[in-house]
Amino acid sequence: MTELLVNQIRPGMSVDGVFALKVKKLLPYREAPGNFLAVVLGDRTGQVEGRLWEGAEEACARLKVGDIVAVKAQAVEYNGSVQLRIDSIIKENGQMNPAKFIPAAEGLAEAKERLHRLIASLANEKLKSLLSLLFSEKDFYEAFCQAPAAAQYHHALLGGLLVHSVTVAAAADNVARNYPCADRDLLVAGAILHDIGKVREYRCRGAVEQTDEGRLLGHIVSGALLLDRAIERVPDFPEDLRLKLLHMIISHHGRYEWQSPKRPKFLEAALLHQLDMLDAQADMFSRAAAGREDKDSPWTGWVKGLERNVYCG
Amino acid sequence: MTELLVNQIRPGMSVDGVFALKVKKLLPYREAPGNFLAVVLGDRTGQVEGRLWEGAEEACARLKVGDIVAVKAQAVEYNGSVQLRIDSIIKENGQMNPAKFIPAAEGLAEAKERLHRLIASLANEKLKSLLSLLFSEKDFYEAFCQAPAAAQYHHALLGGLLVHSVTVAAAADNVARNYPCADRDLLVAGAILHDIGKVREYRCRGAVEQTDEGRLLGHIVSGALLLDRAIERVPDFPEDLRLKLLHMIISHHGRYEWQSPKRPKFLEAALLHQLDMLDAQADMFSRAAAGREDKDSPWTGWVKGLERNVYCG
Amino acid sequence: MTELLVNQIRPGMSVDGVFALKVKKLLPYREAPGNFLAVVLGDRTGQVEGRLWEGAEEACARLKVGDIVAVKAQAVEYNGSVQLRIDSIIKENGQMNPAKFIPAAEGLAEAKERLHRLIASLANEKLKSLLSLLFSEKDFYEAFCQAPAAAQYHHALLGGLLVHSVTVAAAADNVARNYPCADRDLLVAGAILHDIGKVREYRCRGAVEQTDEGRLLGHIVSGALLLDRAIERVPDFPEDLRLKLLHMIISHHGRYEWQSPKRPKFLEAALLHQLDMLDAQADMFSRAAAGREDKDSPWTGWVKGLERNVYCG
Amino acid sequence: MTELLVNQIRPGMSVDGVFALKVKKLLPYREAPGNFLAVVLGDRTGQVEGRLWEGAEEACARLKVGDIVAVKAQAVEYNGSVQLRIDSIIKENGQMNPAKFIPAAEGLAEAKERLHRLIASLANEKLKSLLSLLFSEKDFYEAFCQAPAAAQYHHALLGGLLVHSVTVAAAADNVARNYPCADRDLLVAGAILHDIGKVREYRCRGAVEQTDEGRLLGHIVSGALLLDRAIERVPDFPEDLRLKLLHMIISHHGRYEWQSPKRPKFLEAALLHQLDMLDAQADMFSRAAAGREDKDSPWTGWVKGLERNVYCG
Amino acid sequence: MTELLVNQIRPGMSVDGVFALKVKKLLPYREAPGNFLAVVLGDRTGQVEGRLWEGAEEACARLKVGDIVAVKAQAVEYNGSVQLRIDSIIKENGQMNPAKFIPAAEGLAEAKERLHRLIASLANEKLKSLLSLLFSEKDFYEAFCQAPAAAQYHHALLGGLLVHSVTVAAAADNVARNYPCADRDLLVAGAILHDIGKVREYRCRGAVEQTDEGRLLGHIVSGALLLDRAIERVPDFPEDLRLKLLHMIISHHGRYEWQSPKRPKFLEAALLHQLDMLDAQADMFSRAAAGREDKDSPWTGWVKGLERNVYCG
Amino acid sequence: MTELLVNQIRPGMSVDGVFALKVKKLLPYREAPGNFLAVVLGDRTGQVEGRLWEGAEEACARLKVGDIVAVKAQAVEYNGSVQLRIDSIIKENGQMNPAKFIPAAEGLAEAKERLHRLIASLANEKLKSLLSLLFSEKDFYEAFCQAPAAAQYHHALLGGLLVHSVTVAAAADNVARNYPCADRDLLVAGAILHDIGKVREYRCRGAVEQTDEGRLLGHIVSGALLLDRAIERVPDFPEDLRLKLLHMIISHHGRYEWQSPKRPKFLEAALLHQLDMLDAQADMFSRAAAGREDKDSPWTGWVKGLERNVYCG
């Protein structure tokens, strides 16, 4: 059966689809005692409002924001928009493909190719072994290719982690040429690995959510633990190289107050931090400008992640 | 052969002993061209100055501060103190017992007993298994019992880690009674484990030194890695308990700027942070007061770790 | 006449009671011009909504949030909750027992006993005289036993100051044993006294409010002034002991940015600050976990006093 | 007998005078074993070096920096400067006039007059009573007129407190005219009183030193305690005026991190803080420029109190 | 034709006037599908609500908050206030006198006089030439006399820049007498010039708005650029005086975090910063107290610019 | 006449050369009263010690550190190093080529070429006109090619500004390709111009020194002033482009506390800030590692500009 997407719903259609529950609210009837249920349903293509007129309290109690729900409804036009008159709304517990609900980053196929080329380009055999081993583990590789780079702000898309990691690693490859004393392979490997903890930090179902591990450990520590267990499986991995890679992961935020327990202590770690910042900033400014609401003004509204208004003049 | 200790040297003695090289400096002869070598030698009982009049440049080049050195010399009196006229001074490369050079914390035997009693008192079987396994590994246990709690400031003594960990764990045991909603076993286990990364952070030979791992990862991350590998070896260790223990280690400094990548997120983690601070502060104030130099004033000099003068009135 | 409490009101009852006015709002009639008055009334057992349909503007103008009001009304059921149809609502100006409106801390009787035992246990005669004198003054003693520990966040309960002070003092008694160089009596006395300024910082009528003195001076300075006047009345109180006690009061927040004009300068002051923090943190984490709203998630909502979400997993 | 001052000593004179011991150091003889004592002696007019060739160790042990010493010596010329060959140097324990050792601020007589005129100008009877009472107490008045405004940096002169207080109060008088909603009498009284705690913060003998009270309480809290006891003695002093004055004292540093436990909460307190800053800054910049050492450069060296170099171009 | 002002509108009047559009909102009809437009209109005398019942979506789309609009309407009474039933509302694009929409500071005529007297009083010929030249340029002079001192908080009035600059300059003139080493002319000239960049930072039409230049450069940099171009036109203006004046402009906020790229480096720059702060604080406290809403409490609500509640007791 | 360089001086040579005076100190003769003058002389190739035995006080008074001095002397060997026995040392006042005294950055010729290619590559005609005009002014161009990038830390070499600017601009060119929404020409032009104020911030004679303009305005403001005057000379330069370029200069430090009066408000400004940081960090880490002193340890000493030790393992 083809899936019905939000942006395909038209007034007059009978809707039978699966959506993520974004908002739920009990509201009083205008003319009578009692409440109806107002919901917002969404998938990767957009959001639509819905109303459940009967059994609202009961439905409200058994559903949670973030649930995947199977909905039967009639689509109508209300005040110029589409609205669903819901007949039934039931929680779906089965396995769900998050790609139905969360938009994906662009250029994923190309990013995968670049990832493999970058790994193949490593002259340092130990680093190449480590990365080959890690990215050939099917579970890890799939998780890495699907994970977002954040729950909010920049790269909150399926595949965001992959795209961000490859962008930073490619820039690292480039920059290494300007600074001959930099160890190119260490820098590139560190760039690929720096955010791997994010495969544990986020969970994608109806939306991107932070996991308990994400909140209790964070991707910096989770990444160090993941890497440490991977290194354990590479025979004769040099101890000083292990310390350098682990250091690059834990120092890549650059400052204690940004949750790095160490600040960068050598050139490659410092470069990695700067390149990570560069891509994160570029992403946030680009998105802020792209998402500007008031087209009459050259300024965006307040951008929370940047704590400023952005100029698009 | 009995070892000669610094506090046993008297003017007139022929000295043949092993010491840690604390300071070395080339100084010009007063009446002629050329230099002599002025050194400070030390062990756990104190320090003594020495002079090498011949071959100073050569000796200075082959010795490093922190080396263990075998010294032959004559002890003389100079300006009211003992001074060594050195005949030969040679680096010792063999295995050395750091206990000769670094003073030990008091109450080590009692602290070991309390440690075992605290582990035995755990009702949570998984926590008891984990701690029993960890502290029954000979290498780890010996390292834990010998490690200092710091390279400077508080607990810079052999066994300082053990004493500090047990003091905090015992206080945790006590405090848990005041707050019935606290999980006593989790708190006590976390208290015992919170600083285990320090077995990787410091190296003790002639003095306490920070290792490369200590500088690149720090005891917070090293501790998390150590604990993670230990948990791997306990069958069926619950994932949520693993996250809680790891969180307690990485959050025990309490603030990002104090190098914790996460702040405490639950009661036991918060209590652990506070109890760690309490013992560290008590230790620093006690030592500052005990080490006051000017006995005519009720104030100590500037105490670096506390960034203040301490009142002893 | 027995007082009617909010949690005793049932639909159908005629209500004639005294409550604290928590919220007042003028809202427009749905079907006609003009406004009605929507109020929230409360006491220590809970809150209830009310509606005044006639004379709303006039009532709104003469009542203030925080007032104690005598209310006559009919209780009805509305959308599944109890609501009061108010016939009259009049401000009460007389003396009111705040215990009707503000919940009390648990264990007050036991806390009083522990307070007296702690004072009796002081071996230092000057400290014992000072505390005996202070706590035997009826006005002060009653104020101390009734005052909350805060207007919000932790210990915002009648008797909160007493319970907090005794908890900290008992912990101080305990901790003093671990650190033999600590002056146990000074520490215990300081712990009992550290927050006495709160008897001037808060006023309890229908709710806990900060006084002008609380806002202009704060409990740290008010506490120092109170203590200074008490010490004046103890014959031959030693000047250095006076300075130490005053210092413990003004430094107990530990940092300038937490409104202490001095940071702790000696061991007992440092311990007091840490013990105060420990109890405050334990209280905030416990309350946050106890008040968690979404029972499906192991995380609380955002906790303002802690600036984080708390994990209850 | 006329006192001999440092700036009157000439080579060839027999010196018999009383000085403050500023520096003492044991230095080795150049040509023989043993040490001599090198001292720096000073009074309000300057400093002079001295040498004690015999009995140096014994003298060094019995003298402390800061002592007042009676010295007999021969003045000689050495490397172009005056130096004292000391025959005897003995600690003086008696009462000493600090004016011999610490320079005095300029314009003290005029400042006293302005102080009395400002007090006399107060129209608010309660404020006038309070200030009249306080400044008519002989001990307090003398201490106020002699106290420095700081131990270092700005106003480290006898009478510095008086001059600073009067300058700020006169500026307050002026400024009050620009802001008609300011209470001129409250502002002027607060300005006169804001630093009175400094009579307890400093002790003047051979030099300005901070007292134990200064270090444990600080002039902000000492000032509040002093004022509170003075207010107690004014019949029917209004409670709100008491709170306002106390608030002005404790908030006059303006920020928590500058050791004010409250920030200014009303106009007069805010103006007082700004006027205090203005005079302190003017004093530090003027002194920095006046004390510039390298006359070839328009820049002073690093000025610690200002954390910058000052331009004098 | 006389202009109709908001505070002249009475129920029953036919309104035909020009206003600034302060708020616009589409709201659903209560009894039928579709929306009406709710607006707030304002001028310097106040604000009034309006309703447009027909063509709401179209009007909402073509109007922007901040627009000047010509309105035809009937004034009615609604819930005790005046409300406009709007017949037509059309954007006005022509030149508008902002004085109709933005209130003006008091004492503008006197401030202009004081400005000219202060310029005339300069003994330094170069400074007098510079200021005479600048303030004799008609465009600049008019902009300077009309500009506000801020978009929010203090001095958000037409002419606020003039009044603030003259107040600071007059205080500078006064203060210069207390500190004889201050260069009075430099200080007064710097005070007059310190905020000239604000003529580029704000635009006044229906309200005070920040310009793109204000947001991208800020008045500190714009002021330096303006001054630099003015100095270029004064023959033989000394380079060191140019640097001092420019420094006073860029350092007058006093701290990096307050957007000064340099901190004050000489006395006059330091005094200017303090005097600017004094006037800004006085203004904010006075306004906060004047604008207190709850007359039953001696405290204002939260004052954003001061980050505190202000006491008016 | 060929110039004598420090690294060409050998014991036994008669020296007649011109050097920069790095250090001067009066030291007492060992065996007699009076002083000799100890100096350190330097040029771009190194430093050498010198002694003036006669007329030391007079010479010390007439010479200043930083002076260029003509020296006649005999080179001797002393304690294994070369030392100059100075016969005469006289200040040189004439024009001096700083290239004799300050080392030059590598790759200057190539950097100039890349600069011209980058300017030629600009498609935006206004930007190309501006940069062509600016860099074709001989005085500015020479100053730009000679200026250092800093007085200390990174790029303290003649030509450092050129090399740094070109490196950043080339990286900008590269990065612009990754972010298609970036305006490549604006970014490259901003990168070339971002530090032009440094031609006014530093003066090179015997060493790199900060000018009065550097200390009073700083290169951020000086750069904006320079750019503004250059833009004035380009006909019809668009106002919005002027604001953007000026904004990029004043925001390139990225944070208020790093002396930027504005934070970056658009993508190109944000990228420029990050690229500037990247090159500065790379430079500091590379230099720190290259300058490591203790070759036995993988760690450098404390690096002031980075506030850390750098790992070179």
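Order as written gives the chain letters A, B, C, D, E and F; numbering starts at 1 within each chain.
In this section, a contact is a pair of C-beta atoms (placed from the backbone, for glycine too) under 8 Å apart; a residue touches a chain by one contact, two chains touch by 3 or more.
Protein names from UniProt, one per chain: A, B, C, D, E, F = HD domain-containing protein.
Since the model is a prediction, treat every value here as computed from it, not as a measurement.
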Chain labels contacting subunit A (HD domain-containing protein) and also subunit E (HD domain-containing protein): C, F
Shared interface numbering between subunit B (HD domain-containing protein) and subunit A (HD domain-containing protein) [over half = same, under half = different]: same
From the options A-F, B-D or A-B, the pair that copies D-F, where over half of the contact pairs coincide: B-D
Centre-of-Cα separation between subunit D (HD domain-containing protein) and subunit A (HD domain-containing protein), whole angstrom: 62
Centroid distance [mean C-alpha coordinates] between subunit D (HD domain-containing protein) and subunit C (HD domain-containing protein), Å: 43
Shared-contact residues (touching 2 or more other chains) in subunit B (HD domain-containing protein): 212, 215-216, 240, 244, 265, 309, 311, 313
Category of the chain touch graph - line, ring, star, complete, other: other
Pairwise chain contacts under the document criterion: A-B, A-C, A-E, A-F, B-C, B-D, B-F, C-D, C-E, D-E, D-F, E-F
Subunit B (HD domain-containing protein) partner contacts - residues on subunit D (HD domain-containing protein) that touch it in the complex: 28, 33-35, 57, 64, 212, 215-216
Contacting residues of subunit F (HD domain-containing protein) [partner subunit E (HD domain-containing protein), same complex]: 212-213, 215-218, 220-221, 224-225, 228-229, 232, 240, 243-244, 246-247, 250, 256-262, 265
Residues of subunit A (HD domain-containing protein) defined as touching subunit F (HD domain-containing protein) within the complex: 167, 170-171, 174-175, 178-179, 181-182, 240, 244, 263, 265-267, 270-271, 274-275, 277-278, 281-282, 285-286, 289-290, 308-313
Residues of subunit A (HD domain-containing protein) touching subunit E (HD domain-containing protein) in the complex: 78-79, 296, 298-299, 309, 311, 313
